[in-house]
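You will see two complexes here that share chain A, one where it goes with chain B and one where it goes with chain C.
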Partner chain A sequence: MTLVLLAIGVLVATGVAALPVRCGTRAGTVTAAGAVGAATLVVGPALRAMLGASLPGIKRVWSVPLGTFSLGIDALTGVFLLIIVTIGALGAVYGVPYLTRTAPGRRLGVPWCMYNLLLASMLVVVTARDGVLFLVAWEVMSLASFFLVTFDDRTEEVREAGWTYLLATHIGTAFLLAMFLLIAEGGPLSLEAQVVRPTPLASVAFVLALVGFGTKAGFWPLHVWLPQAHPAAPSHVSAVMSGVMLKMGVYGLLRVLPLLGPPAVWWGWVLVGVGAVSGVGGVLFALAQHDLKRLLAYHSVENLGLIALGLGLGTLGLASNLPVMAALGFAGALLHVVNHAIFKSLLFFGAGAVVAATGTRDLDQLAGLGRRMPVTARTFLVGSAAISGLPPLNGFVSELLIFLAALAGISERTAGVVAPAAAVLAALGLIGGLAAACFAKAYGVSFLGEPRQPLAAHDPAPPMRRVMVLLAALCALIGLGGAWVVPGLTAAVATLVRVPFLELQPVLGGDVGRILAAVGALGAFFWVLVLVLLRLRKAVLGEREVGASPTWDCGYAAPSPRMQYTASSFAQPLVELFRGVLHTHHDVAPPHGIFPRTARLATETPEVVEVGFLRPLFAAIARLAQRLHVLQHGRVQLYVLYLALALLALLVWQLGGGW
Partner chain B sequence: MVSASIVGVLAGLILAPLLGGIINRVKALFAGRSGQPLLQPYRDIAKLLRKGAVFSTTTGEMFGVGPAIGVAAGVVGLTLLPLGGSRAPVAFSGDFLLLLGLLALARFCIVLAALDTGSAFEGMGASREVAFSALAEPAMLLAVGALVRATDAQSLSAAVGAVWKQVWQPSMPAAVLVAAALAVVLLCENARIPFDDPNTHLELTMIHEVMVLDHSGPDFGLVLYGGALKLWIFSALLAGVLVPVRCGSPWLDAVATVIGTFCVAAGGGAVESTMARLRLVRVPQLLVGAAVMAALAVLLVR
Partner chain C sequence: MGWEIDPILVTLVLVNLLLLGGSRLVTCIRLVAVQGVLLGILALLVQVGWSPTRAVLLAGGSVLLKGVVFPRLLSRALRGAEIRREMEPYVGYTPSVLLGLAMLALTVWVSSRLTLPLPAASHLLVPVALFTTLTGLFLIVARRKAITQVLGYLVLENGIVTFGIALSHEAPLSVELGVLLDVFVAILVMGIIVHNIREDFDHIDTDRLASLKD
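What follows is the complex of A and B.
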């Protein structure tokens, strides 16, 4: 625990030290050194806690009403600590050359300070064992990330994204405040996992927690801020926000659920429903996007949906007394938290490399980057396959655990378990298929084919490249070595399933371990086969006649790069099929006459929740607020009158004896 | 036991291209032609593997990696595939998802290889391929769910092996629905009529074929062989559900299932001879229909 406190201190100190530094690169180097230092301090205790060691916490009296300064580390905290410091440090290392290139000459003291503050606040969020401390850290986290989102504050779009985010996160916090007040029942609230106090209002608290934490996690329909904020932020910040900060919502849910006592069955249904809707909705909207980072942002909604599916099955297993299903569901969700942190930050780093090299995020403008940016292309490909849940990479392993939980549920007798399990199966299939389609699009049109316009793109600076290669290697390693990773989550899952560690060991260490060992062995066999085939192919082609010609375009003699399929055209069949959900706007000027001069087609898929629900809602609130203008004339005399009246009322109340 | 499993994998590796030959012969029979020799697919692949190649100047490394991954995924998939009552060499809970994942990986890479050429036609085929397969996936997973629910077994080998004892007697309608859903997915995933016409002449109307227009020589040979493996996997799976021969000897079970697999291919040929290709806009409806059938099967079990 001392080491974690020390790490928080290092983060804050280096962040503050970077504030006055004029040179952007130097400010970045200072904070990045702090982030890496903090990571080295935290990794040890985080790993030990994750594997089940009980580390002493810290408890101090705090002068804040209802608050105690209480920190602790358990296995669940360990898992989240690990991803915060790893991705945080990698993001900082990546961010220094990235900002040097994309924002040359700017003073970066404040954004870098905010970056480390964000990391530090997340460390406090996951170690806090007191409700007030948790909320304070939560708020610091939200504000720090707000300042990072609005990094590019001269752009109108970015400012708007920032406001949306600020509003959304505070609405979420309001729900959390209500939830904490409710379960604390007026007293101080300890978040210690051992103190289980079932309250009669547990279900209300569950809904409040789902809304509050779901806003941060980006569950549909609370995700509205996400597709705006991620493209607006610099890429390394998007990576940390999407890969790590969204997970704080998941952490919050996992931390609070045990406090609510034994779960009701319908909580599981709600989580499965939220997961299925977020998953399918997220990936559908991602398909319709042609901004690379906006597309990735929608995929965060999708992946958090997958995590919610796991949480739902876990909760359902708890409520229906099926500990194996519960363990598999929670383990799948937790592993997906880790995996998503890895491949999503990798993809955002890749997108950042593309943005730094080309200056655009528009997929319809990009093509043929693969030859010019081979490292970015290969690592982005690994990330794309991993996020689509394809074997033998890490995304597949966590989806397999969720799938196993669903299989455990579908053999049950009660319809209350079978129906959600079947829904999870269908959702997993649809999400997987659509995600593969979406990443075939994202990778295929940007990195493959012929460049649409002359580009001088090249791979990014060595630190950025190394970060991406490292993350891609992690994707492959967890894909093959799931048998070693999942047992490491046993202690964390045991706290969630509320059974002793030793009871879960045979499930997650034994059965699942054997399954994942088989998956790993077959994965290794697959890689060997691919290498052998490619070797053979090379040898065979080496001694034969090999010609080169332009691409066969069905006899067309003068193909040009502009004729290639674009991202929009690639996604068109699916977008058209789901037009009832997506409401894509088409702006068409069709060609006329025998020799058409111009023709134009532009499509845009606005956020349906925002346009269809939130804007009208806030417009209505604004109209209502207008009515209050009656009270507010801007005349000082009237305001003095209000003051006098209020004082008079208070006086009367006090004289009457109060309550 | 082990030997029968290994022989099952070898049978898949060797017999897979034969299914294409059977389909072609059945189609010729329906049309009153004498048709190409039964072993023509082998000759095609052998010829292609012996040839040189022409590469588009646009393509890069992905173009060559795609077909190799297609074959490797098919081979690894075969190790998970039971032949009726004869278990696969590798079986574990949830291996369904690995098999489907491998096939999805193969498709993902072939699609990327198609996009690597920068051709509008290949882009079009790739775009349709991912759209249809995304819709076929839920049907497949729900069918798996029904199978697991009916047999109470969580691995492919155990579930298919238990089909005879449990599924056919008490929950006949569910079994029929599962088989129907699997058949629809088979036709869709393997680019057969009514989803895609493997013999069409017009690039605009192709789906799978147009994706591999630029592949030539050994690469194209690998593409054809990978496609054959995929057809074998789906057909053997369907045959495993449909052919209720579980006599206890893995050898006899396997032989019965292989014959069943040939019959599935012949059935596919009959479908192709008697049906026209569906309009593209109708395809999603059929796939959603398959998913609904599979979901119904989940409800109807027991």
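What follows is the complex of A and C.
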């Protein structure tokens, strides 16, 4: 615990030290050094806690009303600590050269300080064992990330994204505040896992928690800020926000659920429903996007949906007294938290490399980057396969666990378990297929083919390359070593399932372990096959000349690179299939005549929740608020009168015995 | 020792009522000055626990600022603004005095219900302090000219100081000095603002500021 506190101190100190630094690169180096230092400090205790060691916490009297300064580490905290510091440190290392290239000559003291503050506040969020401390850290996290989202604040779009994010996060916090007040019953609230207090209002608290944490996690339909904020932020910030900060919402749910006492069955249904809608909705909207980072943002919605599916199955298992299903569901959700942190940050780093090299995020402008940016292309391919849940990578392992949980549920006899489990299976299948299609689009369109216009792109600076390679290697390693990784989560799952550690070990180690070992072996075989084929290709092609020639052009004499598939045209059949959901706007000027002069097509897929629901809602609120405008008349005297009357009324009320 | 300070407290109440009923700005400024001097004497009489030099210094500083410096500043602003009377107040003078009496009754009732951590030096001290505070607030609310608002602010401040005298027999010197400095700066700034508003708009009616709202 002392090490974690020390790490928080290092993060804040280096962040503050970077503030006055004039040179952007140097400010980044200072904070990145701090982030890496903090990571080395935290990794040890985090791993030990994750494997089930009990580490002492810290408890101090705090002058804040109802609050105690109480920190602790358990296995669940350990898992999240690990992803915070790993992705945080890698993001900082990546960010230094990235910002040097994309924002040359800017003073970066404040953004870098906010970056470290974000990491430090997330460390406090996952270690806090007191409701007030948790909320304070939560707010610091939200504000620090707000300042990071608005990094490029000279752009109108970015400012708007920032406001949307700020509004969303505060609405979320409002729900959390209400939830904490409710379960604390007005008193101080300890978040220790041992304190289980069954309140009759648990279901209300569950809904409040789901909305509050779901806003941060980006569950449908609370995800509206995500597709705006992620493209707006610099890529390393998007990586940390999407890979790590969204997970704080998941962490919050996992931390609070045990406090609410034994769960009701319908909580599981709700979580499964939210997960299925987020997953399918996220991937469908991702399919219709042609901004690379916006696409990735929608995939975050999808993946958080997958995590919610796992949580839903876990809760369902708890509520119906099926510990195997519960353990598998929670294990799948937790592993997917880790996996998504790895491959989503990898993909955002790849997107950042593309942005840094080409200056655009528009997929319709990109093509043929693979030959010019081989490292980025290969790591992006690994990330794409992983996020689509393809073996032998890590996404497959976590989705497999969720599948297994659903299969465990479907073999039960009660309809309340079988129906949601079947729904999970269907949703997982649909999501997996659509995600693969979407990443075939994202990868194929941007990295394969020939450039549409002359292009001088090349791989990014060595630190950025190394970060991407490392993350890709992690994807492959977890994919191969699922049989070792999953038992590592046993302790964390045990705190959630409320079953002793030793009872759970055979569940995640036995049959599941054998399945995962088989997956690992097949994966290893796949990699060997890939290596052999590569060697074979080299041997066969080694002596010969390799050239490029046009594809068969159906007799058309003058093909040009502009005639390749674009992202929009590739996705068109699927987008058309789901147009009932997507409401894509087509702006078409079709070609006329035998020698058409101009033709045009532009598509845009607006955020359906935002346009269809939130905008009218906020417009209505604004109209209502307009009525209150009478009170704001600009007369100073009357303002003072309001104050004086309110104070007097309070005084009289208080002294009159509060009648 | 109530007999020593009661006359001063009664005078304070009378000054407040006069302020509520007075329309001539010069008179009002002088009344506030008198109030400042009375407060200084009051502090001197009540704070028996203090070392004499400290009490004298503090009371002297207070009297000097509130009795001499502020009135000078305000008079100069008044001369610059070339106005003499508060015309068309939001609440007329006679209703103001009547409301003042009502406030006095209210404060006496309030202080009878109020439990204080320490016994006050006189049973009149707390109601007078509250009444002075309310009078200040009332002046701010019910008057139009910027200069009367400044006076209201000063009276409000005097009320708070009286309350402090009533409550804290051991008020830290730094706090008192800080409050004095605060008021000093406020008066200075307000004097300048009054001057500038007049320069630009040819009047100092605060209700015209309403056009500045969004």
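Please note the rule applied: the second predicted complex is superposed on the first by the 629 of 659 C-alpha atoms of A that agree within 3 Å, B and C clash if a C-alpha of one lies under 4 Å from a C-alpha of the other, contacts with A are read in each partner's own complex, and residues count from 1 in each chain.
Just so we're on the same page, a contact is a pair of C-beta atoms (placed from the backbone, for glycine too) under 8 Å apart; a residue touches a chain by one contact, two chains touch by 3 or more.
Keep in mind that this is a model prediction, so the values were computed, not measured.
Engineer: Should A:P591 be classified as contacting the first partner (chain B), the second (chain C), both, or neither?
Structural biologist: neither
Engineer: Just to be sure I read the superposition right, which of the two partners does A:E399 touch: chain B = first, chain C = second, or both, or neither?
Structural biologist: It touches chain B, and chain C stays clear.
Engineer: In the superposed arrangement, which partner chain does A:V652 touch: chain B (first), chain C (second), both, or neither?
Structural biologist: Second partner only.
Engineer: Going by the touch definition up top, name the partner, chain B or chain C, that contacts more of chain A.
Structural biologist: For chain A, the partner with the higher number of touched residues is B.
Engineer: Touching A:A644 in the superposition: chain B (first), chain C (second), both, neither?
Structural biologist: In the superposition, A:A644 touches chain C alone.
Engineer: Figure out whether A:R635 sits in contact with chain B (first) or chain C (second), or with both, or with neither.
Structural biologist: In the superposition, A:R635 touches chain C alone.
Engineer: Of the two partner chains, chain B (first) and chain C (second), which one does A:P20 touch, if any: first, second, both, or neither?
Structural biologist: Neither chain B nor chain C is touched by A:P20.
Engineer: Can you list the residues on chain C that touch chain A in the complex?
Structural biologist: It comes out as residues 90, 106, 110, 113-114, 134, 137-138, 140-144, 149, 206-207, 209-214.
Engineer: Quick one: in the complex, what on chain A touches chain B?
Structural biologist: Per the stated touch rule, the residues are 367-368, 370-371, 381, 385, 388-391, 396, 399-400, 403-404, 406-408, 410-411, 418, 421-422, 425-430, 432-434, 436-437, 439-441, 443-445, 448-450, 511, 514-515, 518-519, 522, 525-526, 529-530, 533-534, 537, 540-541, 544-554, 559, 561, 563-565, 569-574, 577.
Engineer: Using the touch definition from the top, list the residues of chain B that touch chain A in their complex.
Structural biologist: Answer in residue numbers: 49, 51-62, 64-65, 68-69, 71-73, 75-76, 79-80, 90, 92-98, 101-102, 104-105, 107-108, 111-112, 115-124, 126-128, 130-131, 133-142, 144-145, 148-149, 152, 154, 203, 213-214, 217-219, 222, 280, 284, 291, 295, 298.
Engineer: Which stretch or stretches of chain A touch chain C in the complex?
Structural biologist: Its residues touching chain C are 632-638, 640-641, 644, 648, 651-652, 655-656.
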